[in-house]
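Next come two complexes, and both contain chain A; in the first it sits with chain B, in the second with chain C.
Right, the complex of A and B next:
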């Protein structure tokens, strides 16, 4: 059986479980909405320009909410004791890793679709420079999903992983966060210079997309 | 005596600074129903983990058909050795049928709906439960589904940790029959259990005590 077919089998299984339990997407969306509301209550004051907060609020919300779904990413495997069984395929652990990255990407993508209009609305901003912003979101979400899945897998058997996951994840994805904030700020202001930051995000993604499946395999090795 | 596809030599294993298993040799023979008993904490589950390559022995080696386990590819090992642990190895939000078909497909032995249904019937899972989520199964029903997963794997070595957990008397009888059918077909079955009724049907019974295996079959025969 090819790696692609194995990945599809595992992805289909995860989506079926997510559709039945609904907790993963539901909690992640709720957390993201609450995050935007808290930022809005904290930052917005009458008579001050609010648009400048948009990049920071958007990216920090996406990062925080991604860790909510990451903490549940391997929950089904832990509950039933299936991690060892789904890791031992003819294509090694790569199908498991890729399917989990795709699930995480799908969830954070859905969260972004909800969060972006909310942030623009609350902070009274107009969506300009849609091209660079879309590119930065795509690169940011791919990077976060890849690094996040790796961290989640490494910590799957670790006590206090709820505490450790953000401590490991946030510093690692800092280049993505900085790049995403810069691109969004420049694009909203109609300024030039987004290309360099997008290149930084692309390099980060390439590095982790190549290295993460291997590191994940090493972590799960017998 | 039949061939021994799984062999362990000089196995020692320490938990912290305490040695739980000491210089232990074991051959698991084709067509043999072998039971290992022992008190809690004797190291039975750890021994099973070492035998399937999930845990590394402090000393000694395990070989599958004379090839050291560390040199055997993970997917090949999954096809040759089927494992039933304390947890049944199932996704709780999939149905029994979906679980069976998923795990069979992952090891390259896919099952049709009819084949999967027949297997679940064989382990005694009620028809109405085939399409229910495992989350709503009793412990015994989960164990039966786990057992169906083991049979579906068509592995020639079964390593079972307390296989009668949660089973009612009917389920234990089914389990006993299935184990005998498997060994008659040439499968090597090693089960860790405290269930005396099940142990009574073993070809060989070893007792793990003070880190060493003691052959109870010869002692019982002598008595």
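Right, the complex of A and C next:
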């Protein structure tokens, strides 16, 4: 079986599970909405401008809700022993990893589609500079999904993984968070200078898109 | 033929820690001399007064942390490429000692900053980087201690430590662009006074020697643990054979 076909099969399986149960996606979306609400309670005060909080609230909500879906990302594979099975194929563990990144990307993408308008609405901001914001969201989500999937996969057998995942994930994706917040803030203000930050995020993504499947296979293959 | 990890671990020697004791003596003497030199020979800063003298041990700790954590990532990569108990023991020792010195760094820095910048903490590039990298290193240590002796835990910990290296570099770039006002003594003009230079190098050599004592001691400790584990395995295998016979 070719690697591409195996990836597609694994992805199709996950999509089917997601479509049938809808629990994971539903809970993640609910969590993201609650996150925005909690931020609104925490930051908004009568008489102060709310617009400045938009980049921070948006990106932190995306980061937090991505870790919610990451925690269960490999649950079914652990129960079914998928890793052992794909290790035995000629394609190795890369298809499993790639399919999981794509699933995670789909989840966080859907969350973004819901959260972005919500944040803009609640915090009275106008959407400007859609190009850089879209680019930063794309790069940010790809990077978060890749590193997140790696961390989630590595921690599958570890006790207290729910606690460890954010501990490892948040410092690692700090460049994406900083870059994303900066690009969003600059774009919303109609300012220049987003290109450098986007390049940084792109470099981060390229590095981890190459390194993560390798590290995953190296650490977990039998 | 490759020897099994157990057979390899059984041959861990039990020796007097001569090297460690020797290094400890050198390190302690150097640190004492450095302290004396800093107290009596170096000038007080015109603006900062005495608090400037934190600089010597602060930068020494920074060197020890940087070397320790980089060495930990490199040894983890070695262990991932060719599994070896010694590489693993070294990686863990370097990581733990690196964190000890990063804690020294994160304590001495704010003390100085309170005098110099008027506040204990700013979200300045190097501070942010040090904090994030320390958190990463602590979580790798936590991961290792939570997964016990398991083979997977060891490989996962190594993968995390390897992942932390490029991440740290990018965190460095990101937080640098984010904003900054950290003094650039070493890259900038360097230290002007000869007495200060001597104090600086005494502190650096002293702290690095002391750091290596800690690494060597911890390494020996982990190796002996590995040996004890191998002995336990051999013993239970032996008992199993006897019961069968």
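Definition applied: the second predicted complex is superposed on the first by the 217 of 222 C-alpha atoms of A that agree within 3 Å, B and C clash if a C-alpha of one lies under 4 Å from a C-alpha of the other, contacts with A are read in each partner's own complex, and residues count from 1 in each chain.
By our rule, contacts are C-beta pairs under 8 Å (C-beta built on N, C-alpha and C of every residue); 3 or more make two chains touch, one makes a residue touch a chain.
Given the structure is predicted, the values throughout are model-derived calculations rather than measurements.
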Which superposed partner A:86 touches (first chain B, second chain C, both, neither): first
In the superposition, chain B vs chain C on chain A residues touched: C
Partner chain(s) touched by A:162 [first = chain B, second = chain C, both, neither]: neither
Which superposed partner A:215 touches (first chain B, second chain C, both, neither): second
Interface residues, chain C side, partner chain A - complex: 80-81, 132-133, 135-136, 138-140, 142-143, 146-147, 150, 152-153, 155-156, 158-160, 162-164, 166-167, 170-171, 173-175, 177-178
In the complex with chain A, residue positions of chain B that touch it: 53-54, 70, 74-75, 77-78, 83, 85-94, 98, 102-103, 105-108, 133-134
Chain B-facing residues of chain A, complex: 1, 6, 9-10, 13, 16-17, 20-21, 76, 79-82, 84-92, 222
Footprint of chain C on chain A - complex, ascending: 147, 150-151, 154-155, 157-160, 164, 167-168, 170-172, 174-175, 178-179, 182, 196-197, 200, 203-204, 207-208, 211-212, 215-216, 218-220
